[in-house]
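Lettered A, B, C and D in written order, each chain numbered from 1.
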Amino acid sequence: MQAVGPFKLIGDVNADDLMVPMATYETPLWPSVARGARVAKHAGGIRVTLIDERMTRSILLQAPHAGIAAKHLSSIESRHAEMQAIVSESSRFAKLIDTHYQVVGNLIYLRLEFHTGDASGHNMATNAADKIIPWILAEYTDLRYVSISANYCTDKKVSAVNGILGRGKYVVCECTISEKYCKRFLKTTPQALVDLHIKKDLIGSIVAGGLRTANAHVANMLLGFYLATGQDAANIVEGSQAINHAEVTPDGDLYFSTTLPNLIVGSVGNGKGLDFVRQNLELLGCADPTAEPGVNSRRLACIAAATAFCGELSLLAAQTNPGELMQAHIKLERTHKN
Amino acid sequence: MQAVGPFKLIGDVNADDLMVPMATYETPLWPSVARGARVAKHAGGIRVTLIDERMTRSILLQAPHAGIAAKHLSSIESRHAEMQAIVSESSRFAKLIDTHYQVVGNLIYLRLEFHTGDASGHNMATNAADKIIPWILAEYTDLRYVSISANYCTDKKVSAVNGILGRGKYVVCECTISEKYCKRFLKTTPQALVDLHIKKDLIGSIVAGGLRTANAHVANMLLGFYLATGQDAANIVEGSQAINHAEVTPDGDLYFSTTLPNLIVGSVGNGKGLDFVRQNLELLGCADPTAEPGVNSRRLACIAAATAFCGELSLLAAQTNPGELMQAHIKLERTHKN
Amino acid sequence: MQAVGPFKLIGDVNADDLMVPMATYETPLWPSVARGARVAKHAGGIRVTLIDERMTRSILLQAPHAGIAAKHLSSIESRHAEMQAIVSESSRFAKLIDTHYQVVGNLIYLRLEFHTGDASGHNMATNAADKIIPWILAEYTDLRYVSISANYCTDKKVSAVNGILGRGKYVVCECTISEKYCKRFLKTTPQALVDLHIKKDLIGSIVAGGLRTANAHVANMLLGFYLATGQDAANIVEGSQAINHAEVTPDGDLYFSTTLPNLIVGSVGNGKGLDFVRQNLELLGCADPTAEPGVNSRRLACIAAATAFCGELSLLAAQTNPGELMQAHIKLERTHKN
Amino acid sequence: MQAVGPFKLIGDVNADDLMVPMATYETPLWPSVARGARVAKHAGGIRVTLIDERMTRSILLQAPHAGIAAKHLSSIESRHAEMQAIVSESSRFAKLIDTHYQVVGNLIYLRLEFHTGDASGHNMATNAADKIIPWILAEYTDLRYVSISANYCTDKKVSAVNGILGRGKYVVCECTISEKYCKRFLKTTPQALVDLHIKKDLIGSIVAGGLRTANAHVANMLLGFYLATGQDAANIVEGSQAINHAEVTPDGDLYFSTTLPNLIVGSVGNGKGLDFVRQNLELLGCADPTAEPGVNSRRLACIAAATAFCGELSLLAAQTNPGELMQAHIKLERTHKN
C-alpha cells in the first residue's frame, strides 16, 4: 500500500494536495496514477461531478399470469408512501426513492432503489427488501415469493441495468490539458492520445463484445483504492464498467474524461473499523463525523473516480509510444523487487 | 482470512479434506462456502474438468486499407513458426498457440494467444507481443503501430471474447446431490433450487442485460480466494462471468454445476513471494517445485472454481427460503463483530 | 403471403377464430405458426397482456463540462409542462411521458419518451425532438447541438436500453397447455419442451453472448407479420429481443410464455395505405375508425406478439424430436415448390 | 422498389455505374443512399474487402459429465475428415471448415462451420448437422441428443458469437473523401462527420447497452436490399450489427468505413426464383451461371455492404446539420405521396 498524488479536485469536491492510498501487487500502478494526478493538477485539477446515487435490491415474485402481475405492479407503485414507511422501520438511513420492474411471463422482477446515507447500502437494501416482501405477499395474496434477489439488482455481476437505471454513485471526472503539459508529463500529444482512445477504448471494446465499457484498466485503480479504504472489492465488477471520452479541443488541448456510472463505495459499514482503513478515510477527508449523512461517501466516490481517471490518462499516454509500457513494467517491478 | 472446507475434488484434480483460504470482509461467506463444500463432499466430491487454458494480448495495427490488412493477416497467420521463435526468446515458458483477428475498416485487432506455464501470464504475453510487433512492422512495412493492447485481449474488462475465444483457465465444476442431502445440508429441495436458479441466474441475468453471466455471486468467492493466494484480484471482473447450470435428475437428485470459462490464476509471479501467500499455496498443494510447468496453476484454477461452485450452491439454497439470507447475515456479522 | 390460424386471444385483447396474415419466403413457417395457434386455442387461448407503450428519440447535446450538464438536466426535467406544450404543437397525438438521460464526460444523451397514438411514432418522435432542441438551445445557451439522434433511442439496433426503459409495446403472451394436448398437437411432452427451452433459449443464448434475448426465431414471425401489415420491418432488429419462459406446472402441464418488451407496430403511417395492408389490418380488426387513438395499434401489437408466441412454441416442440425439423423443411418446401 | 446509384466498387469487386435495387416504405432512403453512392463514386469508388465467409449450425448434446464431454470433443475435433465425408453426402456444395464448442456443466454446444457455395446456407448447414448428429451419437454412445440448434449458431438473434467466430460474409467497405466533396455532396465537413460518428455511433451505442454494434441505421439498407434480392430478411437482425469507423486523414480528408462482420446473403435458394428477384440479381451481375460456386454470392455480399455504407455516410452527414433530417423526411415523403 502506498499513497499517491498529489491530487487536485474541483467541482462537487474541492481538495488540493490530496494523497490517495492504493493497495496493489501491480507496483507500476502507483507511479502511473501519480503521473496522471500530477498533470491534472497542473492543468487546474480534476473536475468531479456526481450525477446520481442509489443502492438497489430486486425481488422476484410470481403471479398467476402477467395480467395480474401488471395490475398488482401498478397498484404497488402507487403505494410508495406505505412502502417507505416500512423501509423507515428497517433503518433510519434507508429511503426508497424509486422502483422499476420487468415482467417476464408470469414472473415479476421488482427493483427497489434506495438512498442509504454513507453506507454502500447492500445490507440496508436487502434488509428493507426483506421487510417489503412480507407486506407485498400479505397485500397481494395471489403473488408468491421466488427470491429476495433476482439478479435485476444486480450485485457484482456485469449488466446494462446498473448503468441505465443506476446503482451506486454516478461520477464524471474531467480535465482539459494543454498540448505542452501533455508532452511534458505524458510524453504524448492530444491527438495521439485521442486517436488511441478511440481505437482501443471505443472500437476495441466494441469488437471484444464489451457491454457499456470503454476504458483501459479502471478495474486496477478501483481494486487498489477499494482494498485501501475497506470497501467490498468485489464491486469492481460493476464499477469497472466505465466510459472514457476524449477529444482534441478547438484550441488543440486534450479534453479527457472518465465516467463511472455505477461506482459503489461507502464510508461506513463492514471493513471500515480496521485501523488502516480508518486512517485512510481520515487522510481522504471522508471520515468527518459532523458531516450530513451521505457527504463522506459522496466525497469518497469522487476521489475513487478521480483515481481511476488518473490511471486511465496515464496508461493511454504510455500506450501511444511503442515499447513504453513494457519498459515501465520491467523497470518498476525490478525497482520494487530490490 | 480463514480456511474453509473440507473440500473433496475428483476429476482433473483429486484431493480430499482440502482446506481453502479465503480473505474477505463479508464474513458470512466463510460458513456459506463451507456448507457447499460439506454437502458436495458427502455427495462424492466436486468433479473438476479443465477444458482449456491460454493467456492473450491483442495488438492494434493500422493498414492503408482493409484489402492490405486482409492480405497481411493471411500471411502473418501462415508464419506461426517464425513468431513462435520470437516468442521463445522472450520467455522459456511462453508458447504461441493460436491467433485470432478482427478487421474494422483499416484497423487490425490481432489477438495473440499463449501458454504461459504456471504464471497467469499477463506480463509474459505483453512481453511477447512487445517482441512480435517490431517483427511485424519490419516484415510488413505498410502497417503502422497503434497500440500494444487493443482491448480485444481483453484484460479486466467485461467482454464476450474472453469466453468465446478463451482467456485464462476454462474450468467446469459439477456435483450430483441427493434430495436427502439437499434437505439435510442445504435446507432445500432439488426442485426449489433448480427453479430459483432458472428464474434468477438465467432469466434474471438476461433481463438485467447481463453478458455471458448466469450466477449469483461468483465475484465474492473469487475475490476471497484471489486475495488469499496472491492473485491480481482485478481479474475477478472477467472471471466472474460464470454460468451455473442445474437440473433435477431423473432420480430426483440435484445436478448442480458452475462453469468458469475465463478464470485467471497463477501459482508464480507478482504477489506470490509474500509469506502468507506461499503458505496458502502450499496448503493447497499448488507449490510443488517438482511438478511440470502448468500443473500447479491448473490445480489452483480447479480449486478456485470449486470454491466458487460451493458459494453458488449455498447462496442459492439460502435464497429459496424467505428470510434466510437476511437472518444469516445478521447472525453471522454479529458473531464476527463480537 | 398466407393467413394462418385460427387464433384465440384472451386478456387485453379478446378474439376468436382470428386468421393472421404472414408474408414469408420460408414456407414452413405457416404450418408451424398455425400448429402453435391451434394447440393454444384448444388450451383456452393465448393470454395477451400489454405492460407498457412508448416511442423514443434521444438527442445529443454538449455542455462546457459535466457539472453544467447535470445542472441543466435537472432544470430541463423540472420543465416537463413547457416541453409538452412544444410537443403538442408538433402533433396532436404526441405526448411526452418521460425523459431519461446519460452524461458521458461533457456529453448529454437525453431520451425523450412519447405516446404516439396509433402510429409506431418514429417520425412523430423525431419531429417533436426537432422542436424541443431549439427550445433547449435557446433556454440553456451554453449547450450546443451534436445530433438529433444519439443512438440512446435506439432505433433498429440491438441494445439493452430499449428493453429496460421501453420502446414500442411491451407485450406478454402466455398459455398453459395440458400434457395431452402437448402430445397430440406438438408431438412432445411438457418436460421435454421445457428442458430444451432452458438449454437452448436460455443457456444457448447466454453462451452465444446474446443480449436480453432468449428465443428461437422470433425474428421470423415478426418479419412475416410486419411485411403483411405494412410495418417498417427493420424494427425486427429490436423487436426480436424477446424472452421465452416455460415451466412444467405442479399439475404436469406446460406453461409457456413469450415476452416482447419492445415491439414496434403502428396501425397508421407509412405503408398503411397499400390495398393489401388495409385489407389485412381490417381482417385483424385493427382498422376500426371509431376506436380511441392507440386502441388499434395496441391490438395489432398483441396479435403480432401472439404470432411470435405460436412460432416459438411450435419450433421448440419440433426440435425436441431428432430429425423432425429437417424432415418438415424438406416436405414443406417441396410441397410449395410444386 | 427503386434502383439507386450509380455505385462504383473497387477491391474484391470491381464495378462501375451499378444501380442497386432497394424495396422500402421509407422513401427518403433512396435519395439518401444515392447521395452516398454519388460522393463515393466521385472519390474513386467504395473499396470492398471480403475477409471471411461461413455458415453455421450449432448442435446441443449432453454428456454424463464435463470430463467425458471434454474427452469426446477432443476426439470429435480430430476426426474432421470423417465428418467432412458425411457432410459431402448431404450436399455437394457443403464443406465443413471448422468447429468451435462451449461446455456448460455437462452440456455441449458444438458449432459446425461450413462453406456453402452460393447459398446463404441455412438449410445446407441444418441438413449437414442432421447427418452429423446420428454419427456422433453412434460413435460416442454416452452422449445424448438435446437439440439440432443450440442458439450458439446463432440464427437471426443478436449475439457476440457471430461477429467473433463468423457467420455469413465478413465485408469491409471504405472510401476516402476530400473535404471539397464532403462539402459539395454531403453538406458537411470531415471533422463534423467524424465528431458525430464518435459521439453517436460509438459512445451512443455503448451507453445504450449495444453489443458489437456501432452504426446509425444499417438495418434499413439491408432490409431494402434483402427484399429486392429475395433474401430471408430476418437475417438483418445479425447483419445489422455493423461497425462504422471514420477519421480525418492527415490531409484533412474524410476516411469512412462500414464493417459488416456477419452479413448473410445468397444468390441461390428460397425466394430466388421470383421474376423480380432474378432480374435484380442479373442487374447486379450476381446471376452469372458460368461463375465458380461462391463468386455470385460474394459479389452480392459486397454490393449489399456497399449499400449499407452509402446509407450510413449520408445519414450521418445529414445529422451533423440541425433540422436537416426532419426537413428531408417531410419533403421526400410528401413528394412520394403525390
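Following the convention adopted for this analysis, contacts are C-beta pairs under 8 Å (C-beta built on N, C-alpha and C of every residue); 3 or more make two chains touch, one makes a residue touch a chain.
Going by UniProt, the chains are A, B, C, D = Hydroxymethylglutaryl-CoA reductase (NADPH).
Predicted, not measured: the structure shown is a model, and the values here were computed from it.
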Relative to chain C, chain with the most remote C-alpha centre: B
Copy pair chain B, chain C: interface residue numbering same or different (half cut): same
Centroid distance [mean C-alpha coordinates] between chain D and chain C, Å: 23
Geometric centre distance via CA averages, chain D-chain A, whole Å: 37
Mean-CA-position distance for chain D and chain B (Å): 33
Multi-chain contact sites of chain A, meaning residues that touch two or more partners: 102, 104, 107, 160-161, 163-164, 195, 203, 205, 207, 209-213, 243, 245
Chain C to chain B touching residues, read off their complex: 160, 163-164, 195, 198, 202-203, 205-207, 209-214, 243, 245, 247
In the complex, chain A residues that touch chain B: 25-27, 58, 60, 62, 102, 104, 107, 109, 123, 126-127, 130, 133-134, 145-162, 164, 195-196, 199-201, 203-205, 207-211, 213, 215-217, 219-220, 222-223, 227, 230, 232-234, 236-237, 240-241, 270-271, 319-320, 322-323, 325-326, 329, 333
For the chain C and chain A complex, residues of the former touching the latter: 11-12, 47, 49-51, 65-67, 69-70, 100, 102-107, 160-161, 163-165, 170, 172, 174, 209, 211-212, 243, 245-246, 255, 257, 259, 261
